[in-house]
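Got a structure for you, written out below as structure tokens; questions coming shortly.
For reference, chains read A, B and C in written order, and residue numbers begin at 1 within each chain.
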Amino acid sequence: MDVMDYAAARRDEEPLARTRGASVCLEGLVRRFGTTAALEDVTLELAPGELVALVGPSGSGKTTALRVLAGLERPDAGRVVIDGRDVTRVATHRRQIGMVFQAYSLFPTMSALENVTFGLRLRGLSRTERVRRGLELLELVGLAKLANRRPHQLSGGQAQRVALARALAIQPRVLLLDEPLSALDAAVRLRLREEIRRIQLELGITTVFVTHDQEEALSIADRVAVMRHGRIEQFATPVEIYHAPRTPFVASFVGRANRIEARTLGGTQLEVLGQPVAAPEGWSGPAGLRVVALVRPERLALRMDPQANGRILGVLFRGASADITVAWPGLPDPLVVTLAGELPDGVAPGAPVDVRPQGQVLFVEEPTP
Amino acid sequence: MSRRLGAFLVLVAVGAYIVVPLAASARFSVEGAHGAFSLAAYRAILTQPAAWQSLWLSMRIGLATVGVELALVTWTSLWVRLHARHVAPLVDALVLVPIMVPVVVIVLGVTSSLRFLPAVLTQTPAILVAEYVVLALPYAYRIVDAGVGALELTTLTEASRSLGARWHRTALHVLLPSLKGPLLAAGAMTFALSLGEYVMASLLAYTTFPVWLQEIGASQATEAVAVSTLALVGSVVVLAVVVLSAGRTHRAELEQA
Amino acid sequence: MAERVALTSAQRPTTLWSAVGAARLRPYLGLVPIVVYVAIFLLVPAWGVLAGALTGSHHTPSLAALRTATRGAFAHALVVSLELSVTSAVVACVLGTATAIAIVTLGSERLVRIASSVAAVLANTGGVPLAFAFVATLGNFGAVTLALAHLGFNPYAHGFSLYSVTGLVIVYQYFLLPLMVLIALPALSGLRRQWREAVATLGGTPRHFWRYVGLPLLAPTLLAGLLVLFADAFAAYATAAALAGGVIPLVPLEIGNLIAGNVVANQANVGDALGLEMILVVAVTSVIYAVAQRRQLRWSR
């Protein structure tokens, strides 16, 4: 029985761990360690039931933001508000949040079931009630058969499922996930990612998901906050983040982008790779400026042409798509073109090709004066 | 952050407990008549022939012990790892047996059961050397074995042999130099152990350094305390060298690997 | 393969050992030195003690020695020894664990490493120098004694004496406490931060953490530490001899007296019996320690 069927069936019986998701507000959080600022004026608002991904490179402050939200760290300035209540000064154990850590957070002396019911035990539930709820939760994450296993007998993926069940057991208002999949194998990661999203949607819990993997963030979040050096560079839906990045960092961190030296043609037109092309929405500028245009690999069209200036340097076959590296005269770095489906005939290192940008340019970097 | 404050206070208290006796004995040893600072006690020990004799005896015993210990331990460790891997757990267990037998009991056994050995062994300080090797065995073996384990033993020996070297040359020129750190550490520890050993030496009536120290304790209190201070500080320093050098070599080898 | 090459080039097998026999025995040849050494200088004496304990005055098997060893003055010595060892062990266990917790709380990995090294050094100090150092500290005219007297509270006026079981317990901490720190530090360092934080997010206070996660996890280590400390205190001789020789009856000291003093014919084996007693005590605690260690390892992966 897959999780969705089970969840749908239970929905009519009894609200399992159903909560009305809480609204979460981070206002102007600042956190400094010595001279480094882990958080610099971080402000974020989450609607009830929303899954927000915090994504960024290591040191960007995403984990610190999560830990401040959890109460495991105190901000130097700013507020944390959950459901309208200021909890900045409230201790972790009174915030009613659920947290899943990256790895090794299961209590080693307890079985999976005992781990899951730990929070319930602290709340004084009777043994029978605890076991019942615990088994329900383990069913939800697909591990009811492993209830009596010890953590060291579980695989990484299984351990994280138990950790999730444990966090959900106390019916938290907010669910926090600190890179829960980073320590797992790629295949397990993909499966678990989807399950987490499904469970989150079904239960309607407001969730904050921290990851350094931008693909992971884009695939499951309602909204994504891209962080860098303790600041939020952009907070928007995955589609907006991908197609309309607001800073060069977001443009290159999320997905891949070619940086192509280009010229402005006046108004909203640019000349890229010798072709006129539209600038991103809302951008305009005078003619004759030298700029850098960011173009996604899948937005470059490639055509075999013996008279063209481009030369193929390499072909990376990825199954459903292929990345072609092309050397273009006048550009310091080679272009990467992503082609979906079958490759045209003649694609091989050394072949001459013509590359043209399609659609809009992703982002324009203006030279600093 | 009251947790950190509490932790800090605990460490200060423990630190005081460790340092105060050292300080007190140091102060006691330099206290002359009417509380004046005086090195008379130290001067007195240095001029006593018995002090030097006992120290010299302890040193000789110590060095002999180190020699036998390192030879025995290095040979065994190398052999086990090269030729008898499967016996390793047994050897590990064997070297731990000395910990199970209290020193007094060993002395007891030595006096009664080792009569079959030649007198040159049992009626001279050589018996102390022999037994100290046993006492230091668990610690020395572990240190050296860890060092040997960190070497790419089979590769080294095979490489050396392929270049034409025979077994003993291999050992001498290839293996031993790589074991300098652990050998030094094990040697220092063995030396410190034999220098500080009291039970066996006193019960078998040999006036080693600790035994002499105990003897003068009754009659020359200040001198005894002066020597104790030196001994304590000295052993702390020696053992610190041991621990730090064993750790550093191990880490350096890890980095190289 | 290497050994076979050596065999054929270094020595041709003689008729004394066939090639097969030699090949089978060869791995064990190099172990002869250590086995013989340990046999002669450890096992033979130990066996001698065991045998002597069960021998009577006419070299016949007899339990007389054991009976004397468990009676009268010797029984008293055993009781005092146990009292001293248990007290020292418990005190060192508590204080050592508290110290280890303090070290780990202050967080830095460097501190933990330095502390381990320092503890390793201190755990090996002891003996006569330590005894004298404490005489200079807490003896009748020790520095601390005089300082306390100055403040109006002379411990000796209130019945305290360095040359008593209490005094020995205090002195023994010098090497027992660091030993406990050495034992407890790895286990405490292994208490993952995530567990503490997970307990907090699930609604638990630090007390809940210790009660449900920390102590159950540490229990084997604490027990093991207790046993090691006990064995160490029980077998200690030099410090006790220096401070309490002749004043306090202790089993190791009794054995010492029997060796060094007049060995009356039927007393000789009593020493062996006492020795057997000591071996048993230490052996039992070692075994329990090994078992506890294995359980601890299973859980902190």
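As a convention for this text, contacts are C-beta pairs under 8 Å (C-beta built on N, C-alpha and C of every residue); 3 or more make two chains touch, one makes a residue touch a chain.
This structure is a prediction, so every number in the text was calculated from the model and none was measured.
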| item | value |
| --- | --- |
| Category of the chain touch graph - line, ring, star, complete, other | line |
| Closest chain to global C-alpha mean, per-chain Cα centroids | C |
| Chain A and chain B, separation of their C-alpha mean positions in angstrom | 58 |
| Distance from chain C to chain B - Cα centre to Cα centre, in angstrom | 17 |
| Residues of chain A touching chain C in the complex | 70-72, 91-99, 101-105, 107-110, 118-119, 121-123, 152, 163, 166-167, 170, 176 |
| Complex contacts: residues of chain B adjacent to chain C | 3-4, 6-8, 10-11, 14, 17-18, 20-25, 27-29, 72, 75-76, 79-80, 82-84, 87, 91, 94-95, 97-114, 117, 130-131, 133-134, 137, 154, 157-158, 161, 167, 192-193, 196, 198-199, 202-203, 205, 210, 213-214, 217, 221, 224-225, 227-229, 231-232, 235-236, 239-240, 243-244, 247 |
| Residue ranges of chain C in contact with chain A within the complex | 192, 194-195, 197-205, 208, 212-213, 216-217, 298-301 |
| Residues of chain C defined as touching chain B within the complex | 2-3, 5-6, 26-28, 30-31, 33-35, 37-38, 40-49, 52, 95, 98-99, 101-103, 105-106, 113, 117-118, 120-122, 124-125, 127-137, 142-144, 173-174, 177, 234-235, 237-238, 241-242, 252, 255-256, 258-260, 268, 271-272, 275, 278-279, 282-283, 286 |
